[in-house]
Amino acid sequence: MTAMQIVFLITAVVTLFAAFRTVTTPNLIHAALWLILALAGVAVFYALLNANFFAVIQVVVYIGAIAILMVFAIMLTRREMRDRGKQTSGRWWWAAILGAVFFAGVTWMIEAVALPSQPTAAVPASSIADLGKALVNPNGYVIPFEVASVLLLAALIGAVFVAWTRHNS
Amino acid sequence: MIPLNWYLIVAAALFSIGLYGVLSRKNAVAILMGVELMLNAVNINLLTFWRYRAPTTTAGMAFSVIVFAVAAAEVSVGLALFIAVYRRFKTIVTDEIDLMKW
Amino acid sequence: MNNWLYIAIFLFVAVLFPTALVVVGLLLGPKRPNPIKTDTYECGVQTWGETWVQFKIQYYLFALVFLVFDIEVAFLYPWAVAYKALPLFAVLEGVLFIVLLTAALIYAWRKGALEWS
Amino acid sequence: MGLLSHPITLVADWLRNLFLGWGLSQGLTTVLLYLIAAIVVASLANGWVIFLIWFERKIVGRMQDRIGPNRVGPYGLLQPFADLIKIITKEIIFPDKADKPLYVIAPLLMDAAIIAIWAVIPLVPMVGMDFNVAALYTIAVGAFATLGIILAGWSSNNKFALVSAFRTVAQMISYEVPTVLALLVPVLLAGTMSLQGIVEAQHVWYIVLAPLAFLIYFIASVAEVGRTPFDLLEAESEIVAGFHIEYSGMLFATFYVGDFLHAFTIGMLGAVLFLGGWRGPGAEAYPILGLIYLWIKAFVVYFVGVWVRGTLPRLRIDQMMNFCWKFLTPLALILLVEAAVVDRLLLGFTPWGRGLVHLAINVFIGALVIAYARAYDNRRKRERPLAAKPGQYPVARPPQPAAEAQSD
């Protein structure tokens, strides 16, 4: 077992535990903080995969923006912050069974297929520049690139339109 | 090196936990958190396959960038809807939003 | 990988420094709590009501516009890194992206989402 | 291979051989070397803060016609040490209603996030890491500082703390937008996100190529740190002390130290991104000179920050938000487009030719912006003239004490 594998296993345990707490903690603010820990764990996975750019983007976008947005939304939609009572619906065991079955099925599938344990090649040093080129390459991903910006524009317009009413301020 | 299937199994576990959260939670924001976990699991898979099968190409990276954008759009509109719903019903517990039940 | 190793070690040291100082502070400082000292500090006035009160929507709207601009990082930084090798046409595609982003800003502005109060 | 020309490589090699000589494995030796490097850099940063605290208090004191610290040691130089000893022996109070684990984690997280920025700063030429996403990394660790503030406000279980934390976070994330956009300009001009690479690409300092982007970066960073004139979050007169109202002893000091360190760190980043980092005469031959150059440049940027702090009054929160979203952000977007389009058209130019064209266009844009701001100001004055006539105070004055009974 190499050092990398040990790091991986520790990260996996922390991430999965944090994810588990995210979906089970009654206190929503705590759930959001556990979510942040889980997202940070995913960033470590990206670092282990040599996807430096994505490790950093994961932190900037998910922890720096999405998690903050969630904390704001939680604070905006509670009359009182301490959550009382049950937070799970009555059919939670259904969900648990479904999740377990899904996990078992996928694991069985993964184990059934022969997967390589070594990457085919090293990540080229220019991978970020390559990504940049591909995103604006007419034969590459220029349509998704521009559609993504339209999507973000639409999302902002929609969200501001829905959330913002003048009399509410 | 770390075997490829380790990543896949962790991602599957993360996805299952997210799925459980989406299905079992009552609060809408908590449901969205479950969705975030699922999206992250998908992204781990995309980048893992990129790293192990095609690190010299850009497809995996481009896909995950788009997933980031979609996740952000989903969160911003979703939370805005919850806030609008909260303003109308004074709750975002999904069981209690039952105007369209019948 | 070595870069990440250094950063991981540096993060560890970065956490260690303030932690060590706080631990020293905990060891050296007195510990004499009493109900008045550990009460919530509000200038001596009795606290009233729940602390975790509801906030105004404005915070959310700022965070929302911020989120859209934050995602742009994921697209524009690779574009900027590749910039030197791009033809003019590809540069203009990036500029189009920025223009659409500006349109988002202008919408939020005109809609009044950027007004405090 | 003299001690002067390669001091860091020399020491590193010596240590590496020493550790290997003890029979340690190659991997462990690397870890130990990195650990030593990290401790040295972090101690440098933290030790420097002690001086900065004295310097800033002294300078701001002089600017505001006070003497500043002058009792402990010559010129009050030992004052920070006295403060440190005092605060380290103070009681750390844990409020009853606080969420204790989070209450402790919050200041540590914030301070660690700021120290962590130093991991990627290229202190000297050649040595140090060439981390290919370093520029974004500085933004990413900032996210943890924001998180620390939310945690501090929320876990304190105090209305003032929570309100302040939310204001602070709204301010920090708002000003992160122009920061990120302004940071994109040097990345675009250098074609890399590695800070070492950005420094190496600056044959002409980027302050020449992008002076307005530097200004935006500087202003937005100062606002992110939350210093005067952007210190609403700890406006003593409004919300007591801000998000750290419940904190005391060393936990409070952690916030305080983090604030000073952050101020200098943005000076450091400004120097690396726009002022050529370690570049200077003879820096390549003698790396130590590079460190000194970088330090001086960072100190100059930091000093301007202190100067602004000592001079300007505090802004109102709506003014601050307007300034960010309706002035800095659009301007940063325009500058980004300008840099992208113009630099493409200047492909064949020499570095200085490129620099001068960029400078001319920046000056032009700057002049336009100033003209627009003037016009806007005049229009606003016409539409909403001040109630007071010339010679009178434009603000409401308290009623003149006709009788002594008014005062209490």
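In this document, chain identifiers A, B, C and D correspond to the written order of the chains, with residue numbering beginning at 1 in each.
Here is the rule we use: a residue touches a chain if its C-beta (ideal position, glycine included) is under 8 Å from a C-beta of that chain, and two chains touch if they have at least 3 such contacts.
Everything numeric here is computed off the predicted structure, so don't read it as measured data.
> Determine which of the two chain pairs, A-D or A-B, is joined by the larger number of C-beta pairs in contact.
Most contacts of the two pairs: A-B.
> By CA centroids, point me to the most central chain in this structure.
C
> If you average the CA atoms of chain A and of chain D, how far apart do the two points sit, in angstrom?
Centre-to-centre distance between chain A and chain D: 29 Å.
> Determine the centre-to-centre distance between chain B and chain D, using the mean Cα coordinates as centres, and give it in whole Å.
Inter-chain centre distance comes to 34 Å.
> Nearest whole angstrom, what separates the Cα centre of chain A from the Cα centre of chain B?
Each chain's C-alpha centroid was found; their separation is 6 Å.
> Averaging over Cα atoms per chain, report the distance between chain B and chain C in Å.
The computed centroid separation for chain B versus chain C comes out at 21 Å.
> So which bits of chain B are touching at least two other chains?
65, 68-69, 72, 75-76, 79-80, 83
> Where in chain A do residues touch two or more other chains at once?
If we look for residues of chain A contacting two or more partner chains, we find 4, 50, 52-53, 57, 60-61, 64-66, 68-69, 72-73, 75-77, 79, 128-131, 133, 135, 148, 152, 155-156, 159-160, 163, 168.
> Can you pull out the residues of chain C that are in contact with at least two other chains?
3, 51-53, 55, 57-60, 63-68, 70-71, 73-75, 77-78, 80-83, 85, 91, 94, 101, 108, 117
> If two chains touch, include that pair; go through all of them.
A-B, A-C, A-D, B-C, C-D
> Inside the complex, what are the residues of chain C that reach chain D?
Touching chain D from chain C are residues 2-3, 5-7, 9-15, 17-19, 21-22, 24-26, 28-33, 35, 37-43, 47, 51-53, 55, 58-59, 62-63, 65-66, 69-70, 73, 76-77, 80-85, 88, 91-92, 94-95, 98-99, 101-102, 105, 108-109, 114-117.
> Okay, in this complex, where on chain B does chain C touch?
Per the stated touch rule, the residues are 65, 68-69, 72, 75-76, 79-80, 83.
> If you look only at chain A, which of its residues touch chain B in the complex?
Residue positions touching the partner: 2, 4-5, 8, 12, 15-16, 19-20, 22-23, 28, 31-32, 35, 38-39, 42, 45-46, 48-51, 53-54, 57, 61-62, 65-66, 69-70, 73-74, 76-77, 79, 83, 86-89, 91-92, 94-96, 98-100, 102-103, 106-107, 110-111, 115-124, 127, 130-131, 133-135, 140-141, 144, 148, 151-152, 154-156, 158-160, 162-163, 165, 168.
> Which stretch or stretches of chain A touch chain D in the complex?
Per the stated touch rule, the residues are 3, 29, 33, 36, 52-53, 55-57, 59-60, 63-65, 67-68, 71-72, 75, 125, 128-129.
> Sort out for me which residues of chain C touch chain A in the complex.
1, 3-4, 50-61, 63-68, 70-75, 77-83, 85-86, 89-91, 93-94, 96-97, 100-101, 103-104, 107-108, 111-113, 117
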